[in-house]
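The following blocks contain the structures, represented as structure tokens.
One chain, chain A, links the two complexes that follow: it is found with chain B in the first and with chain C in the second.
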Partner chain A sequence: MKAAMYSLLPRARSMRLIAAIGVALLAGLALMACVSSEPLRAWLILLTGALPELRHGTDGAWHWHRLVRFGTVLEDTVNLSLLGLAVAIPFRARQFSLGADGQLFLGALAGAVVALYWPGPGWLALLLCAAAAMLAGFLWGGATGVLKQCCGANEMVVSLMLNLIAIEFYRLVILYCLRDPNAGFPATAFFPDKATFAPLLAQTNVTWMLVAAPLAALATALLLGRTTLGYEIRVTGSAPDFAHAAGLPVGRAVVLSMALGGALAGLAGFHVGHALLKRLPVDLTPGLGLEGLLVALLARHQPRSVVPAAFFYAWLRAGGQAMERSTDVSREIALVIQALVILLVVAQRWPLAAWMRRLAARRAHA
Partner chain B sequence: MTMPTSMTLELAGWAGTALVVALAVLRAATPVMYAALGGLLSELSGSINVALEGIMLVAAFAGVIGAIHAPAQLPVELLPWWGAAMGLAAALLLAGVLAVLHLECGADLIVVGIALNLLAGGLTIFLLAELVGDKGSTAGIATPPLPSLRIGGLAGLPLLDLLVNGEEGRGHHVLIWAAPFVVGALWLFLCHTRAGAWLRAAGENPAAAHAAGIPVKRMRYVALLASGALAGLGGIYLSMGYLTLFQADMTAGRGFLALAAVFVGRRSLGGVGAAALLFGAAAVAATRLGTSTLPPQLVYMLPPALTIAVLALTGWRRRGRRGR
Partner chain C sequence: MNVIKPVSTLPWRLELRSVSKHYSNGTANGVLAVDGVDLQLARGEIHALIGENGAGKSTLMKMVYGLEQPSAGTILLDGKAVRFNAPATAIAAGIGLVPQHVQLIASFSVARNVVLGAEPARLGWLRQAEAVRATRDLSRRYGLEVDPLALVASLSLGEQQRVEVIKALYRGADLLMLDEPGAVLSQDEAVSLFCALRALADAGLTVLLITHKISDVLDVADRYTVLRAGRVVGSGVSAEASAAGLASLIVGQPVANLNMLNTPAPVDTAGGTQARAAARLRVQQLVLRTGTAECLDGVSFDVAPGEILGIAGVEGNGQHLLAKVLSGHAPDAGSVGVGGVDGIEVDYTGAGVRAALRCGVAVVPADRLHDGAAPDLSIADNAIASTYARAPLSLRGWLQPGAVDAAARRMIAAFRVKADGPQQAIGTLSGGNMQKIVLARSLESRPRVLVACQPTRGVDIGAATFLRDRLLALREAGAAIVLISADLDEVLLLSDRIAVMYRGRIAGHFRRGQAEAHTLAACMTGAHSPAHAGPRHSHDAALAKAAP
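Then we have the complex of A and B:
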């Protein structure tokens, strides 16, 4: 009986997820209808805007169109997957770290310093940059964990404050140390070619880093499911009292979960710097880390679900940008829809029947 | 014995400057203070509200938009009050969503809170773009602020006049005047009413409270809704007093600063208030330093660094009890 319930559970869960996405998308449509003059068209662009088009050209051959836009979907998928994993690992230890943004900025910065000053020989350059980026994220994420574990400082507040510090530090270093005087705006010089990725798809920044997202998800799944550390992290999250009583190294699990998450966020910073922008501007926009948080919540902190969740969100992001360009609806609606999905998904139950019954009973009473 | 006049003047000057700084601290601390009081109430009931940031943001937005789009037959002097009512209603709505999702639907309180913060960030920018046509702020539209209160007849006592009526006798915002009364009311409620004791019992030991016949769930509803209302007041002060416009993401982490104040203040009214004042002072110090020759980025790092330091220091005593 119990086994049957367990096997049914994932299916029920995925049905609920689909229902939640549907309801959230419809709520988005309703919201658009309140403010827009062409809500349905905007909504359809939001949903299909990221789709590449196969069109019959004048020369009689078929051509792909809007591949650049689809390219941004893939680029965002990599970013959001890495950031989602970065949030998911500490979440499994029940650590609510909101610090992915700061870790991303410091990772990008560390990668840039290595690329500009000690790029190393040939193909080693990229590896060195990635290692530096991950190390920076690892340390900054670990700092949150140490402050939580040693001083009992709430990790949500600490990680947000560390974000502010990291972002200002990033700006300080770019402006005063790494700035290229020949650039028209405050930014570093372009990284040497050997420290950047070549695009796989013309006119986009889709690179071999595309493989990094599923690989990182796989590595995270293996770490959490197949290693002692992963077990300690999961038990610390799901049964902290038991973990204490059984003498598990809870402190180590907490600190390392945050540090490992930070390393992945640093890798996302490496992706931003070395695959997407090839240089670092001073006004790199913060906020991507919070979108990674949404991805992790949508994936319910399961590493294997993070990549599809990231793809879905990247899809909505690109659709939202297309919608903003061609209609009067702004792209933030994508964020609203995504947050609504989360709110609908996290509810364990909808006691609608009980409410109706209570209401009916009250009416009968009166 | 009389002091030389120049010295008196100098002393008065120093005292005046100190007072001006203290008033600036008070203004900067007020929004954090309201939100922190809300956070404290929810934390005492055992269901901490981490959506304070989003609630503040939505209330700040709804306040301004409500005042701009108020019904036409409303007299002009009532416009800001109408806006404030809208802001409060929006804050209560968001807190209500949080309470229902957690208490009825069994959702994780912190996850819902974080999701609501993100929802608030997206929703306010989206609606701002649609209603105002500008994603940045409502700067182009005149917003009626909530009034400031003045007390007359103090012209003969310049320092007292400065303290009571602010710089150039402009008076203090109603929500600044209200803050001490709110603190007092909360103290009375928590320490001297049965409902307050119930609320604290629900947080202290829910199982025991339930066994003693205390309606734990209802107390948590009360606490979450009240925390929403208090955070809403903080948000309304931000957009209809501290500034007189709404800016995208104008809360800028104050809701989380309020949570920090709850932890730093060790869940006591006085401690939370003091922590909020400390954070206000850090913000004022940063703006004052901003005019110096230091790089602004360095200055912006100071308040968060101070927050972390204070959190770490106050938590130091608990070290060793947890972990190994």
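Then we have the complex of A and C:
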């Protein structure tokens, strides 16, 4: 009996995660009760709004409804996974990179240039676009690392500043070089078919890029756990002074961790351009990169947890949108709940848990 | 040192009656960290609580300080049973703790640190002058000399520890517990701290000294209690104790390895030119300035294969910088070279740690928690840090998990590390076991030169003996070893030759058996310059004189 209890101990962390999510959702319900006339319905929509629905149609057959909404969950999951990994890799080398946005924009731009101007065989186009996007992200991410390593510049400041440069450069190129005069608004022309993905689900933009997210997570896990470079990144992040003393190439690990993170953010840009939008508008919204930061936090920078964390995040977001459309509760409540979940997951200590442990110990003592 | 007995009418200042502490969480059967301990402390005595790491000293201390609660038994203060649920209650009862690693705010002045948390205030404003006055009073009264207005960051570790003592006194402590106070101090600083403790005891305060150094018991304490595996295995009056008797109580068996002294001396090459030709490590005229007091100022020496050169000295006299340069960092001037397999000397001055490793020079860093290991990573990750880039641990950039696991298991077995397995985080090991992995890693690269900095600092006697044996085995295998240690006994025990560093120079150079502890100690303080090897003499002259 006792032995069985102890074998449960390693699961304490996942139990805690479930508890954190549960507490945050319940707090959300309490919040809704304050602002809504039908809090329970709004809460259920928040939780289930992202689900597709199987409904009996007038023709007597069963039909899936709301697939589009579930499609956006999957699309967001891909974006957020790649961006979460883009933050997690530098973090493992103890680098706080906030540059995923800029890397995404440049990645999307590089992919667009190849898509619009590549004259060669069509089967190569997508591969080339992806490679160009990742290379752009790699170089832009690496630039942050080089500036930190060579000039001692703070990577948070540098990556934020490089974001501005990248985003304005993106707008400049779209407006003055790639703009399609017939588009009606400032955007590039649609990419040729050979350079875009066909949807897997009708009316959505869910494409084969869906497998890119778990593959990227797997590749990151392998990189960190099984390669010498990953080892250098982990040791550098865990104990920089030890890494120096042991003769590890610390500078290289720092620069490459940022560059590799950048490559994944570039891949997210490729996903935005070639799977979701099929063209690039000048007013592509920045800010996705910061959501990647939240996903990485939620996953505690573990590559294998990034995809589930991204899915959960996207799920709540879609549910929040559904809630806003069909009830009197605004989407901000969903944001508050997201924030609560992250706070509770990231908190190092949980006063409540400690209190309960102490209570249990006292009872065992008595 | 008079024997202290409580006057029959006066109760003990602190008394523990069969106190036990049982930790149940973590493992199925739990750990009995402290097992029915009795302890009595009288007013005005210095009592040493001695034992290996893991003997239960810290747990006992935590229970008295209210950080842990005993599972059984009673703690009595002045004859009254007490129960402390938090340090605040213990402090209020007059108990003060001086932690092993100082916990001061470096950017605050001494006075502000002393009053921190109990500030003399008027209407919420700190009364700076009052804080300074109180600090100065306490420091004068007990001979704990320190400038109340100095920034803590500018103080030496010894002075910082004095501030910790004053801080405890300011809170009204008359029972002072010191956790391994000698561990981080140089010999000088320890002596002056112990003098201050004697003054405190003479003034009627009670001092509990938690230590694993036998010399602390013999030199400082009035009485002692020996803990082993959570139980009291001996106690008595220090004046009647002997080092050998204490050592056997602490480790539980006669220390077999004192016969290390009988190991054959290394092969001695006859003299001058021949010795130089055979040198494995050659250090010439190293100069390194840092802007602080610590520097290297023309350090030269040779180490032959199969020889241990001990570097003795009060910490902060350049040993740290010497280790850095030997590990591959660049000096301002001078050179370090290592004799190759083919007899050709390779100059690796400033070539970097990795190049030094390739040349066969491995370093055991002084501070295992800081730059000797990555505490959060697994034993395996720590074990491979100097060899991961080569086959069989990695092939073309891919780590080989089987080989990594095997290497870690081999080290755990060969060094008798007490661990659950290679995946356990190294920071959860005891200091001794952690240091074993650190040394095992350095030996894994088969070094031809080993620079061992404080290889047994803060390590229990059993582990220290084991680690020293390994160093001697490496010497037998023909490596040249530079042993940098603040522990003079260790230097005397292991070294074939001893160089004393003082203010960035080699202040003296001795052969084994030629030097006695007090000669070395005098040389370390710069008071005494041995006739045969003054700092002004050239390196060659020093060596020639040192050779028999």
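General observations
Just so we're on the same page, the second predicted complex is superposed on the first by the 332 of 366 C-alpha atoms of A that agree within 3 Å, B and C clash if a C-alpha of one lies under 4 Å from a C-alpha of the other, contacts with A are read in each partner's own complex, and residues count from 1 in each chain.
By definition in this document, contacts are C-beta pairs under 8 Å (C-beta built on N, C-alpha and C of every residue); 3 or more make two chains touch, one makes a residue touch a chain.
Computed from a prediction, not measured in an experiment: that's the story for all the values here.
Per the definitions stated earlier, placing chain B and chain C onto a shared chain A by superposition produces a clash between them.
Taking chain B and chain C in turn and counting the residues of chain A each one touches, the greater count comes from B. Using the contact criterion defined above for the overlaid structures, shared-chain residue A:A339 touches chain B, although it does not reach chain C. Legend: residue contacts after superposition of the two complexes on their common chain; A:L162 is shown touching chain B, with no touch to chain C. Of the two partner chains placed around the shared chain by superposition, chain C is the only one that A:A245 touches, whereas chain B remains out of contact. In the superposition on chain A, contact of A:T228 is made with chain C only, not with chain B. Once the two complexes are overlaid on the shared chain, A:L297 sits against chain B while remaining clear of chain C.
The single stretch of chain C with clashing C-alpha atoms against chain B, selected from 98-106, 224-232, 404-412 or 494-502, is 98-106. On chain A, the surface touched by chain B in one complex and the surface touched by chain C in the other have residues 247, 249 in common. Contact residues on chain A toward chain B in their complex (touch as defined above): 31, 35-36, 96, 98, 147, 149-154, 156-158, 160-162, 164-165, 168-169, 171-172, 175-176, 247, 249-251, 254, 290, 293-294, 297, 328-330, 332-336, 338-340, 342-343, 346-351.
Listed in rising order, the residues of chain B touching chain A in the complex are 50, 97, 101, 104-108, 110-112, 114-116, 118-119, 121-123, 125-127, 129-131, 135, 253, 256-257, 259-260, 263, 295, 297-298, 300-301, 303-305, 307-308, 311-313, 315-316, 318-319, 322-324.
Partner chain A is touched in their complex by these residues of chain C: 24, 27-28, 327-328, 352-354, 356-357, 363, 365, 370-377, 381, 384-386, 388-389, 394, 397-399, 401. On chain A, the positions that touch chain C within their shared complex are 2-3, 6, 225-231, 234-235, 238-239, 241-249, 364.
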